[in-house]
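In this document, chain identifiers A, B and C correspond to the written order of the chains, with residue numbering beginning at 1 in each.
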């Protein structure tokens, strides 16, 4: 099958009408079915050693994020300090995967994280709406990359996608991918605006075809942001991509994941829908801000044997 | 310390959107028992309270009508359970409001509780009893299902303060509609106690909105309100119903047929108060390979 | 060892309030039966759970008499609205003691706790809740203005959904004004006997519900009892035929819910990932101990390889093991006897040339377990394509056209259920019109609801349970 599938994928990339044919030929997603499956897996009960492992793994997958108009050099430095030592009293606590900021603050984050191995991710391409022309989006990307970003989180043009101009979306992603150079490209689908799971599947394949290293659910600025069933559909897409090509691509749910309990549910989904190969920060990330503190809180609860409180973990 | 403790008097307010506000008009009026002794001051609902109640009912409609019939049945049954726990209070309220003997008041309260149970059982049977698969002549699958019509304006009976109220309110909820109820004007206290039951028994806020006040004052506003889908004029004077029905015609409201004389409400009802709040929806779909 | 190895998360077995001895429930009391006591075991480890006193002919006489007395003196005379409130009470009592019943069910039956907790027990409560509402509305059910009950119902239920099958039997019977004598399965009597306690807690008049544990001979004596007016049986087609023969000519009303060999039909335009879920749910839910299990997968040839690859991956993620572990997807086979039957049929599949694939999941050392198994290359003539395996074994056949799918699906003496997977609505409806089965699921499988009638065509039985149609079984109409 992979050989046939590969030629199918090459064919899909040939021109706009082939791309359209390919995307429209993807199997549908039954809403009721995928939501039931997600709800069913969410009842998994993770205890003791496996819970501690999951908490540490989740911490190591966090893209610690601040994307506010009010962000300053100071808030970014503070966030970076938190990323380096999430729980100062427990130095064995893993570091997060990356810090995610707007392009103009990348340089600050790069400086603050020098030598740590923690990635610096930057949103780009007229985040969060994506409403600008390609030149501006590429300039945005260039600013991030030249400032030292190791990862770029771009948004797709949802207007183009929803009006069926898949070729335009494809071209934009490939152009941004090129502008990224060595930086990893995460493509934000903004699933809350795509609305249907069929669209999420189509957009996932579109992004993968165009060279996305990661597909990411949301900007965090639109409701609903990440949900379990949407993430199921995207995990299924990267698994199918792997079956077809042998390449491992990543998934990043972002926005709305605030509790350790939620994060563990996502890890269970990663484990059982995509497979355990994806249980690494290289292939799965959480885009989050407040999640980290709950993970730390629950980690303490596990280690101390009694419930902890928010006063015992540091604010960002 | 005195031998006789002074009781804490209750403040009787409206019930809108799951909250207990006073009338926006600031008005209240005294309520007496049947022998003319003062019982309480109750909020005197105004046109603007009607407006707020309709907004609350409309907001609650998607959730309530979209809940599973099973869930709605559980919620209505829960109302009966919580009422049962406050049976003595209801008996006292009904005695004071209607001037009936203890035994009669108990019968009325028990019947009111059982009426919730009765309608709880209807929620998940209406489709089976009123819906149909239509044997259309052609390669189509066709079926018809009843769906709730929307927001219902209810003028509760003036005499039967509790059983009558439950008998006109419960069927609205059983169909999946939401309600704006104007209670008996002179006997509103059992209705306010019922509101407290509703607020603590899983009925989502806004599904039922209870206004204490004068039917003749509020009826024109509900009858003309464009966001109200159906009307039950039971508690309105028969002489005023014709004009209200004409007003309701401007927005093609569904009107429940009501008798001139208020019944005693004891008899078990049939479908007569369910059907008016239901729309039949017919669906066609081709059959082929 | 897996990277993310879920630690054991067992439900606390103490919640089951397991007792050393259980006794028959007759005339509102727990009494010693005169039958040979039986030991009920936990199929997950072979340990004895409890000793259960069983009934003999004289006890059945007593139970039927108690039911008759309750019928004549109280139950049939009671207003429907009062009967309704008893049923509502039973529904609430099941909800209140749900976790206890779930754990007990899992111990006795071997099914995963997540299924007893999330499916069996809540659905059982829902059946009582639903039928409670009918008790005072029977004149709206379409059987005439004042339909009457039949009398005493003798009911025999299987071991695959012990409490749920009890609910399917008792709730409509009581709602319609009948009284019952129910025999739970020999290997799973415990939740039925705890249900006797619920009847006591509900203040149900003595004799309205009687529970008589025992083996097949007890069932035969019960359904053949002269004092029984109505017989309801759920179980194998083989036993169903014996009962139907036994009662032939007596005029007793019967309902039979028997075996099945359901086709689950997947077209090339199906929502594939959800179809895979549906296939897995269809055959591995409750270890495949489901009369309506989707045991024959009919897949359109053009997607067969892709679907099978996805299916095998998905099945390999199923977690088999301790039924009390909240993360277990596939529990224990209910009995050694059933396990032997499954092994025999699987051996026949291999011998007849089908290609066997079995999930590589580890099997516990103790207890009765069978790893999820998928046979491909199955021909319609093979035993695994024709006989009900009643275990976690799927037979995969292929088809090319919708008509061929229908022909293959209908090519069985059974006719309980079927599944269709396609995004095309008109095809779903055409297929449903062609399939000879009592329940057809489209883009889903194994859905049960008290409002939806369930039952089979042909040798899968007759009569329906649930919904308006299900009331007919317990009314003299």
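By our rule, a contact is a pair of C-beta atoms (placed from the backbone, for glycine too) under 8 Å apart; a residue touches a chain by one contact, two chains touch by 3 or more.
Keep in mind the model is a prediction, meaning the values are calculated, not measured.
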item	value
Chain with minimal offset from the mean of all protein Cα atoms	C
Per Cα centroids, the chain farthest from subunit A	B
Cα-centroid distance, subunit B relative to subunit C, in whole angstrom	41
Between subunit A and subunit B, centroid-to-centroid distance (C-alpha), Å	49
Subunit A and subunit C: spacing of chain centres that average the CA atoms, whole Å	43
Subunit B-facing residues of subunit C, complex	81, 84-85, 88, 126, 129-130, 132-137, 140-142, 401-403, 425-427, 429-430, 433, 450-451, 467-468
Subunit C - residues contacting subunit A, complex	2-9, 114, 118, 269-274, 277-278, 305-306, 309, 317, 326-327, 423, 443-444
Residues of subunit A touching subunit C in the complex	1, 27-30, 32-34, 36-37, 43-51, 53-54, 57, 236, 243, 267-268, 271-272, 276, 279
List of subunit B residues in touch with subunit C within their complex	69-70, 73-74, 77, 114, 117-118, 120-125, 127-129, 141, 268, 270-271, 285-289
